[in-house]
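Each structure below appears as structure tokens.
Two complexes follow with chain A in common, the first pairing it with chain B and the second with chain C.
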Partner chain A sequence: MTTQITSARPAAGPRKESRRRPPASSATTVGRPGFAWALPAALFFALFAIVPLIMVAVLSFMSWDGISPPEFVGTDNWSRLVDDPVMLKSIWLTLLLTVLGVVLQTPLSILLGVWAAGHQRNRAVLSVIYFIPLLLSATAVSVLWRALLDPNFGIPADATWLFGDGNLFGEQATAIGVLAFVSTWQFTPFHTLIYQGAARAIPPVLYQAAEIDGAGRYRQFFHITLPQLRTSMITSMILMIVGGLTTFETVLILTQGGPGTDTTISAYYMYDKAFKSFDYGTGSAIALALVVASTIISLIVVRVSGYDKMRSSAEGVS
Partner chain B sequence: MKTRARLPRLVATGATLALGLSLAACGGGNGGASSDDGKIHVLVYGDASNKVEQRIVDTFNKTSDVKAVLDTIPGADYQQKLQTIINTPQAPDVFFNWGGGSIKPFVKGDLLLPLDDFIKKNPDLKEKFLPSVFDSAVVDGKPYGVPMRGTQPVLLFHNKKVLEEAGVQPPKTWDELLDAVGKLKDEGVTPIALGGGDVWPTQMWFQYLYDRIAGPELFAKAVGGDKSAWESADSKKALDMIKELVDAGAFGKNYDSVKYTNGGSVQLVASGKAGFELMGSWYYSQQLTDHQEFAEKDLGYTAFPSVEGGKGDPANVAGNTNNYYSVMKKTKHPEAVAEFLKLMYSDEFVKAQLDIGNLPTTTNTDKFIDGSGTPEYSRFQYDLVADAPSFQLSWDQAYPQKASSDLHKAVQQFFNGQLDTDGFVKAMQALPTE
Partner chain C sequence: MRRRPNYLAGAGSFVWLLLVGLPLYVLLAATLRTRQDYAENGPVSLPDSFTLDNFTGAFDSGFGRYFLNTLVVTACVIGIVLLLVPPLAYAIVRSRGRATSVIFRLFLLGLAIPAQAVIVPMFYLISEAGLYDNLLGVILPTAAFCLPMSALILSGAMRDISPELYEAMAMDGASPRRMFFQLVVPLSRGGLSTIVVFSALQAWNGFLFPLVLTQSDSTKVVTLGLYNFQTAHGIDIPGLLGAVVLSMVPILLVYLFARRALVQGLMGVGGK
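Moving on, here comes the complex of A and B:
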């Protein structure tokens, strides 16, 4: 959703930009791509995104176990979901995990990113090491941490002062903690990369001027670096939110929604209903609710952050 | 000019694409039961046992005009993928399943062939198998499966050394088990290893206790749709006893963070940090793979203890009775399929299964056991199953597949105290039974 908005923007973008480039409709344009070029992508998008979405919407009003013919049941699936305590809980858990992800990852990746943009010794080597978690698949990461956190043979067995009896996956608070930690561990490198790029793009002249004015390192960080990272921060946070709402593999492998339903986030609940309980109607309803919720949240974020009216960061400099 | 020229090109591109896609869609329709390619497709769970299945298919193909093809679906996704293709042209002719509830929806959807006619023509298709095992694939009074692979009774395994050091004998009764739990705790070991993170190992304790206390009838009633069974005094007594065991610290405190599937609980027993583990008979080969020295020297096994005053026969067994081959109704070659199924009680089949550690449940298994790789263990299992008046199919297999997720949740939540007795009863009553 967000990519569409960004790519649509330049047409109404900053005046400066448009002055430099001739208007798109100008007759002098040679070889402007025609609509046909978008057709294959549009067709595939329709076939693999729009059509299934419509089918899911239809299915959410049906009762279907995958074998017998689907039966139309009106709004039954929906009204059951509204009264379902697990569904309500799953929404809270999804939001909680998303917020935890943003709160944990943002400061960490800003600090790491700004640091990695510098010229310290061994920086390149360390950056590569930090980057490794992102190269592993979410599945591998989850399997790895599940083994590392085994109460009898993993880290908790050697650090009982910290983990107690090590029942990390048996209690809600710690299970959620583990989920938040594992996704932070995996995705911080990616956001670090965004901030590293953004921090490198800050013109050194700003720091030179600040130094002349006698600003220390902390002042420089809070008054130059952070404001200059604002646009990247919004990009990174939107990615985190979208990622948080669609988290699935970590839950599937680390906790299977357990203990009980204590870590059953909405995406996992959908899987549980549709593919484990063969109740495709309810699963479809949850899926559709997720689509609607994600869209609304994305729109809110875009509106509140001012992403839609954002100016080029180059503008404030020159 | 330009815009006008663009339109036909656009249409052409679209048409080509649409054509390509629809052709691709047609291409996927080959193979399987409905489009007859002169073969029978046998679909099995993809794992190490496939080499035996392939061998049986090869044997069959030597003499049959209609050839068999072995298709495999790898690993744990079997049930999900089977459910997805079962009602499509890709459906197989014959497929692997767990009997009971795992095929009930297919029977209800009128997809499976009752095997009455096959058995009428060749009574051996029924008589060559142990009755308690054969009956697990009977749905609504009609047989829908022929046993293949082996039986997997759940046994109480133990670490001989750990028990010896604590001065404990393998328990024959429930009281002896409770006594052993106390003594093992005093020794500082977890009395019973439990992979609660997988949930199904937790369920095994329910299966056995319900059977010992109430007999097989109570669960049969419950899974048959009579939900009052869960409120009965016997049901509550079983729950009380489970609670008592958990509260006594029999499983330690972190069992829900331990898994069987990643080798956690297996290692607990092998390394002497735990005394017992309740697990299916595949546990022996698991230990042999993971901890060979321990498995050969110190791994002991007994049947589940008896419960004093219980209505269930102490000789009853719980677990996976067996795997089965079921036949699709729309198969084009029922005669060939009937011939193929005959091989499931052949000498060659039994020997090959025993060689890879499976224990077939045919009546001729007996004479091959002594020549197998682990004769003592195979003999113990075989006698246990052959003498069992009833074989309780794992609950999550006996219930329809759509109930298993909620069933698992209820079991886990009762065990760790999130649900009390009434809550558990209510959760079980809410499970769909058909």
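Moving on, here comes the complex of A and C:
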């Protein structure tokens, strides 16, 4: 995968053959590392990710205020969440923001990615600036935009013709718009990179053939480029969805879930319940719901992208 | 075949450039302006005064300490990742065992676990271990959450080492250990630098673990410092933006020196 940029050349056939797994026998296992090599990392990861994951499931059936010991309460947390209007609203808002993110970022990053894969003159310089948002922490990005969009001292105060009274954080529609915009600003460069790599890997022969047939640039884009980007599109969208489900800092810093609970997405509601209202049981239940959603999506990622088949990045460039 | 330039795409990318460049300009300009100049003339105007007070102000409100903490966290996370991931990736790529493939799947699934999902039990575990409000309590989970992506990136790089080299070494009777140190590690230097940059970025930009697992000023990291600065001095925008710029400097330096490694690593996320 790391050779994505340089792997535009089609993989050599014979190498592919030699990578196919022969049946395990004593001859092929000589000089090969045992699973003990993977054990330290696996144990460390299990302790800090898998064990807490199991605990979150257990805690979701408990009542815990962080001070007295956790107490088993059955499905209380869950039944309360099902009836909780804020929870239902938060699910709806999470979905809305996620969908907005995908709808805004996908066309933008495909266009930018395809463009950046070409041979433009100032591309090197431009892409340095392009990708800066990628490097900034979600915290820095959110703090920056919070300052830039400040009703009194920010851009809206200067451009009232565009922003009206300028308080973008005071209304649900504009607050959600800001959140979607800021996520797009931050993550489009990342998805652009994915598409740039994929667009570079499209065999030039296809374009040459289309050129001979007299297909114009736009026909080439719709009939060659887009279909060739299909797998990357799926991977990128799934990453956007997982990212959307777990947006947190942006909401914490830009809107604090407000006005009211109008931008309280599920991840923020989880934080609010657990670490502000000290209701860790309910917080765990929300967290578990998030895990389930993002696991289902990631299982799709693994299937679709073929990571689980342990293939080399140099193989199967199509 | 010489192609004519794609004007439409060029125009689109120019718009994006503005969308990224303008905020960055405002950010840098505001940082160098006085608070009064910024408040009176608005964010987009050209500065009519120059000052470095915004940076020194950030240091006065504790950013020096936060930098040091973040540096410690980042260095330790990189250390843990470098210690654990190369053997893991080596086993993933070279081991024929079923157990290794199960472990690999575990890490792939781990890619999907968001930090928010485990933050409540993490808070419990870290408190029980007596590591609450201790940098070690931030370092351990942050490093753990760097592992899946690093394993993926590095095993991808290691897979590009030609099998003939292993065979040649096996012929000489080399042990897996010797192959690891004399063949795998030297040949996957590119992948190693990618995971270093990637983990550094994760650790430097981390927010949720420090937010929940630390409390006092002496364990605060840069991102938390920014967040607190905003809540406390929300009105001093140039000062706040000065702190934002400071928080970016190390990452931008890394980017300038390791752009290729970083971009390749992030591109790898998309897979095929």
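The rule is short, and it goes like this: the second predicted complex is superposed on the first by the 263 of 318 C-alpha atoms of A that agree within 3 Å, B and C clash if a C-alpha of one lies under 4 Å from a C-alpha of the other, contacts with A are read in each partner's own complex, and residues count from 1 in each chain.
Following the convention adopted for this analysis, contacts are C-beta pairs under 8 Å (C-beta built on N, C-alpha and C of every residue); 3 or more make two chains touch, one makes a residue touch a chain.
Just so we're clear, the structure is a prediction, and the values are computed from it rather than from any experiment.
Contacts of A:114 after superposition: chain C is touched, whereas chain B is not reached. More residues of chain A are touched by C (comparison of chain B with chain C). By the touch criterion stated above, A:249 is placed in contact with chain C alone, chain B being left untouched.
In the superposed model, A:126 lies in contact with chain C only, and not with chain B. In the superposed model, A:197 makes contact with chain C only, not with chain B. By the touch criterion defined above, A:155 reaches chain C but does not reach chain B. By the touch criterion defined above, A:168 lies against chain B but remains apart from chain C after alignment on the C-alpha atoms of chain A. Of the two partner chains, chain B is the only one that A:261 touches; chain C does not reach it. By the touch criterion defined above, A:146 reaches both chain B and chain C.
Using the contact criterion defined above for the overlaid structures, shared-chain residue A:236 touches chain C, although it does not reach chain B. Where the contact sets of chain A with chain B and with chain C meet, they give residues 34-36, 39-40, 47, 66, 143, 146-147, 150, 153, 275.
The part of chain A that touches chain B in the complex is made up of residues 34-36, 39-40, 43, 47, 65-68, 143, 146-147, 149-153, 165-170, 256, 258-261, 272, 275-279. Per the touch definition, chain C reaches chain A in the complex via residues 1, 5-6, 9-10, 12-13, 16-17, 19-21, 23-24, 26-27, 30, 38-39, 42-44, 80, 83-85, 87-88, 90-92, 94-97, 99-101, 103-125, 140-141, 143-145, 147-148, 151-153, 155-157, 159-160, 163, 166, 169-170, 174-176, 179-180, 190-191, 194, 201, 204-208, 212, 223, 226-227, 229-230, 235, 237, 240-241, 244, 247-248, 251-252, 255, 259, 262-272.
Of all residues in chain A, only 1-5, 18-19, 21, 24, 28-42, 44-53, 55-56, 59, 66, 108, 111-112, 114-116, 118, 120, 126, 128-140, 143-148, 150, 153-155, 157-158, 185, 188-190, 193-198, 208, 211, 217, 231-232, 235-236, 239, 242, 245-246, 248-249, 252-253, 267, 270-271, 274-275, 280, 283-284, 287-288, 290-291, 294-295, 297-299, 301-302, 305-308, 310, 312-314, 316-318 touch chain C in the complex they form. Taken in their complex, chain B has these residues touching chain A: 6, 9-10, 13-14, 17, 21, 80, 83-84, 86-87, 105-106, 108-109, 111, 196-197, 199, 252-259, 262, 264, 267-268, 273, 401-406, 409, 412-413, 416, 418-419.
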